[in-house]
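Structures given as structure tokens follow.
Below are two complexes that have chain A in common, paired first with chain B and then with chain C.
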Partner chain A sequence: MSRYRGVKDIPEEEYVAPGSALCAGCGAEIIARHMLKVLGRDTIMVNVPGCYAISTLFPYTAVKVPYVFAVFGSGAAVAQGIRDGLDILREKRGVNNDRVNYKVVVYVGDGAAYDIGFQSTSAAIHRNLDFYFVCYDNEAYGNTGFQLSGATPYASMTSTSPPLGDSVGNEYGKKDIFEIWRAHRAPYVATISVSHVTDMLNKFEKAKEFRGPKLFVALSICPTGWGASQEDTVRIARLAVETGMWPLKEAVYGEVKHTFIPRRLKPVEEYLKTQRRFRHLFKPVRRDEEISRIQREVEEYWRRVWEKELNR
Partner chain B sequence: MSSNGGMMLTGNAAAAWGARVSDVDYIAAYPITPQTEIVELLSKWVSSGELKARFVEYESEHSMLAGAGGAALAGARAFTATSSQGLAFAFENLYAVSGWRAPMVMVNVSRGLGMPMTLQVDNTDVLSVKDTGWLQLHAETCQEILDFIILAYRLGEDRRVLLPVIVNMDGFFLSFTREPVYVPSVEEVREFLPPYEPPHGIAFSERELAYAPTIILGHSYTYFRYQMHLAALKAKEVFYEISRDFEKIFGRSYSPVEKFMLDDAEYAIVSMNSFTSIIKGAVKRLREEGLSVGVLKINMFRPFPVEEIAEALRGKKGVAVFELNLSTGGGGIIYPELLKALYHLDERPKVVLDFVGGLGGKELTYGEIRYMVRRVIDAYRGGEVSPHATLLFTEEDTRRMIADMELAGKSWGGF
Partner chain C sequence: MYRFRFHGRGGQGIKTASRIFSTAAFLEGFYAQDFPMYGPERRGAPVAAYVRVSHEPIVIRGYINKPDVVVVGDETLLYDPVADPLRGFGGGVLFVNTPLNPNLSVDGEVVTLDLTGLALEHIGRSGAISAGVGAVACKIAGFSESSMVDAVVRELEEIGLPDELIEKNVVVAKESYRGVPSFDLDSLPSLSESDFLETDIVHVRLDEGEVGIATIANLGNSAVRKTGNWRILKPIVDYSKCTGCKICFAYCPDVSIHMGEDGKAHIDYDHCKGCLICSSVCPFKAITMVREVKVM
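Let's turn to the complex of A and B:
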């Protein structure tokens, strides 16, 4: 059964110190904090350029577990070397188990997961590396000022997809990284959201059971980039789930199951309207075509899920 | 394996043996000509159990180097090998590994960088990574490849250094040439090279360490970069120390530079890597012709052995620098480094001329070597002096180029 059912079940241990240089309301911080509560102190965090790099600025660090900084595209490759290095030290040189018995977590943004680090991540999954790969997905290159990435959703404004003239903003759709990872036959793949903390905690807990790649993609609200209020982070994340735009699901050896199934979807507008990056869909004129395209895609997705998982 | 008899080994096999007797823990691999034989051999030995290590083939050199560095950071003795395009693809991770202060050894089998694509030698690949924080040892012979790998581990792992090392060999000329190589036993090497237990390795350190946190301000960035520079400079002194230990155990000794028939010579040719053997042979003949010339071979390019070069070339009338590389728009890459070593000398050579040859594995003929020396003697006596590199390109090369162009349906208009 689920280990975490309410606030009281959340572990008290803190491995992310308060007061880092991350923006107020940053989703990446909430995810890191809860992830480490479950994975514990015997964790090595591999981080790459991106928003979370700000957690550790010499001579300060907000991360209380060993932290390794790698180049943008090399998170998973460095994790491979660390895991292998620790394993061979135990096997060949007899180094004490408690010195090498770490969980290795690659904690990166969507640029590193969907784009520049895609190849090295795919290869590490293919080699069945025993690691966690956790993407805090804020749907753009947030740390450099919000440019288009492979994770940016259709019609989002970014600083490199400005909705000027006839442009809708981002004309491409978001890559389906969950399905791409699932196609690798990884033991465990999950989506998570900061609005559903017990769901998140239970998924990290469940992932511990598996040897091999354990892959997470988390919707990470970015108040500065998205143009949203910093106190609304959790509310916006909840709307993403309730409008059906961010499904909560997991795949165990490729078998998909949704962990939260809305019976009725709230209109996507409710979610879109909370963020300045979608403002051009409503002002100066309402762009019904784009809004209904987004709504239609969400409904098509859920119709398939309801059919399959609720026999509806 | 005993050190009594030599084995006939290619440069690549000598490199693999160097890693094997150094008892490496981790091998990160990716195939590329002309290096592939090195990782194939290591893979075979790991599978057969002759070498207890972990072997992982990555999906690119970029990841391969990141992985090797990660293993070194964990505290394992890591090895990898690459060449040209692979070295370039791994470029940013060269900085990452040296910045982590994670010592490891990478063999580079030198090859030109496309375009145009070639499989043959051009040292521009390895020299273009001279500023990355990796130390560089350059091998002339297959024996040196093996010995330099063993020395490189001891050098890089020294706590006063803690930097990764590239051991370079020339593609084809050394990688596929068999020479007798004395291969020491793992036990003998262990006496020289104890197991690696880095104080900052993840498996050997205290917890809660942040490796390579981002730096915002200039003073702390400057501090860490300059610390690496000082460690690299220190490596030369450490190299002398460990060379003495190496000689005691193995009977062979190395210095950052090697002098060949140089002390009594009026003129010198400076060279690196395998073409030095060709030049040494030519110098013997030139001596017979009455030309007073010797050779200065550079074994260590990083740190650059400024003092040794100054000492070796002090009082020479003239110097020819042979460069198997070309920095387009600049010239030879060794030349400016060499001038730095000589400029402040009272008895500095009157002329130092730069020559570029052998590119893409082009033959270096006796005539070309003789030409370099004649040009330097002529310049000393008042002839033409130029800071620009002279290209070694023979009439035969020109004839062949004209023929190629005709076959391609084009006319040859000269350079």
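Let's turn to the complex of A and C:
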């Protein structure tokens, strides 16, 4: 079905305008652009507090499709209201389907996906709501000063997990939201990365085939919070995929398939060293125990994948 | 009491500069209070920080609406309606970081210095101006150079900069300190209590939902806002090398690259924030960058 073979095939139409106040080099903007390019004009975007909310600061908006701003915890609940409203107009009021045939997409950060909005999302998936839920995951509450979230990876520094003394920064691991959503038996669940645009476009295109919840979690580089150079957004995202730390995969009715399988993993160090949030693992003294723990977890994951999907 | 207001763009270290200044004030034997503006954090967007310095304990809180000294870290903010650094300013000292020699008609003393140039020369990063901005404020207030250097080292150590980078920052700080004059702030007209109590709060009437909800009818109207002045380095396409591969177009976060009829990449400088992702992803190294000096 693969419709997009490379960046040459990226649709020209833009549904995001320039001039928003998001940080220079923001990953969430790149994802929003491509998401709307595939989903198209007939999309209603639901947004909640988070970085991307800055795309729309009254009286300006950078989003060129209908956009609703909801409270933090209720993105998916508002999507349910919109979807039901449109369906009622068609079924009970006899409104022509062309006028209500919108896709509803909830575009939120990891705070709203993993933590604060988790309940309403889980409930919407449970009710088999026909919607898209796309999380731009920058692994912390980036908009308010980079506080710890359920998506923050092990050993990351955040403003609420400073690596003082013997502390490693974040002592907890990252929630596996992909598996949590998959356990809901949603029709389509996928991970995407800012660096792999063609993969991203194809996954949004494929999701259109399904009726019900279509869930995406996107690695979204945050130069400001991660302490990285803004021009390195794409390079860091690519390293996350090539070191195996961010697997690109999809699950159709629970059946997992990886869309990019590295034959050999780059050392995780190459990824960690690009960001100030992991600097305490290397300076003033190198913390081999923590680095090898991260490496080991990545290797164990891929060993299982290689066995299952490559019979290796 | 002296009231200092610092303006800059997120990522330039304006908050750190305000901390350097207030730490130096503390070392000089003053009471000091510093705090940044609270808002959505984003690199490149206008930010402000506030410092009060006094011989007496400071009991007042809140934003500074009538500053004695305004320190502007980014020249493009001078007439920015959102940042509005000249708001409430009159009769004091205005510092602007710029290589130009602007002829500003403001009520007060104007001081300029090219801090960005100093940062590029000694640190190699155009955004690293926190030490310079802090040092300039210290000099304007008449603090000693040793207190200033001590404050720079303390604050930069606290944010975890490596030693060699701190040393480079000290060099920038000293040069900045020596590059501006000192002022007798005690001679400024002192402000009455009522000036502090001014607020910008607007009381909004509670309306019915249909009336009261903020609605924007013109989708994509953010394009009227020119984010091009966020840029410090400007990407430039070398058309002899550009093959029109669309990779920069794919990765531009700000929709500021479009493919022209000639099949090549064109940059919209009104909106390009200068993140330079395009330059880093170009497989043909066709996008170079130059420092940009904007006209005020």
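Just so it is clear, the second predicted complex is superposed on the first by the 311 of 312 C-alpha atoms of A that agree within 3 Å, B and C clash if a C-alpha of one lies under 4 Å from a C-alpha of the other, contacts with A are read in each partner's own complex, and residues count from 1 in each chain.
To be clear about the criterion, a contact is a pair of C-beta atoms (placed from the backbone, for glycine too) under 8 Å apart; a residue touches a chain by one contact, two chains touch by 3 or more.
Owing to the predicted nature of the structure, the values given are computational and were not obtained by experimental measurement.
Contacts of A:Leu248 after superposition: neither chain B nor chain C is touched.
Using the contact criterion defined above for the overlaid structures, shared-chain residue A:Leu89 touches chain B, although it does not reach chain C.
Of the two partner chains, chain B is the only one touched by A:Ala79; chain C is not. Using the contact criterion defined above for the overlaid structures, shared-chain residue A:Ala140 touches neither chain B nor chain C, since it reaches no partner.
After overlaying the two complexes on the shared chain, residue contacts for A:Val38 are found with neither chain B nor chain C. When the shared chain is aligned, chain C comes close enough to touch A:Glu231, but chain B does not. When the two complexes are overlaid on their common chain A, residue A:Thr61 makes contact with chain B and with chain C alike. By the touch criterion stated above, A:Val71 is placed in contact with chain B alone, chain C being left untouched. Of the two partner chains, chain C is the only one that A:Arg279 touches; chain B does not reach it. Taken together, the two complexes place residues 53-54, 56, 58-61, 63-67 of chain A in contact with chain B and also with chain C. Those residues of chain A lying in contact with chain B across their complex are 41, 44, 53-54, 56-61, 63-71, 73-74, 76-82, 84-89, 92-93, 95, 99-100, 102, 119-120, 122-123, 126-127.
Residue ranges of chain A in contact with chain C, taken from their complex: 7-8, 10, 12, 14, 16-27, 29-30, 33-34, 51, 53-56, 58-67, 142-146, 194, 197, 223-224, 230-235, 279, 283.
Contacts from chain B toward chain A in the complex involve residues 25-26, 28, 52-54, 56, 58-60, 62-64, 66-76, 78, 92-93, 96, 100, 195, 202-204, 207-216, 220. Within the complex formed with chain A, the chain C residues making contact are 10-11, 40-45, 160, 162, 214, 216, 218-227, 230, 245-247, 249-256, 259, 268, 270-271, 273-277, 279-281.
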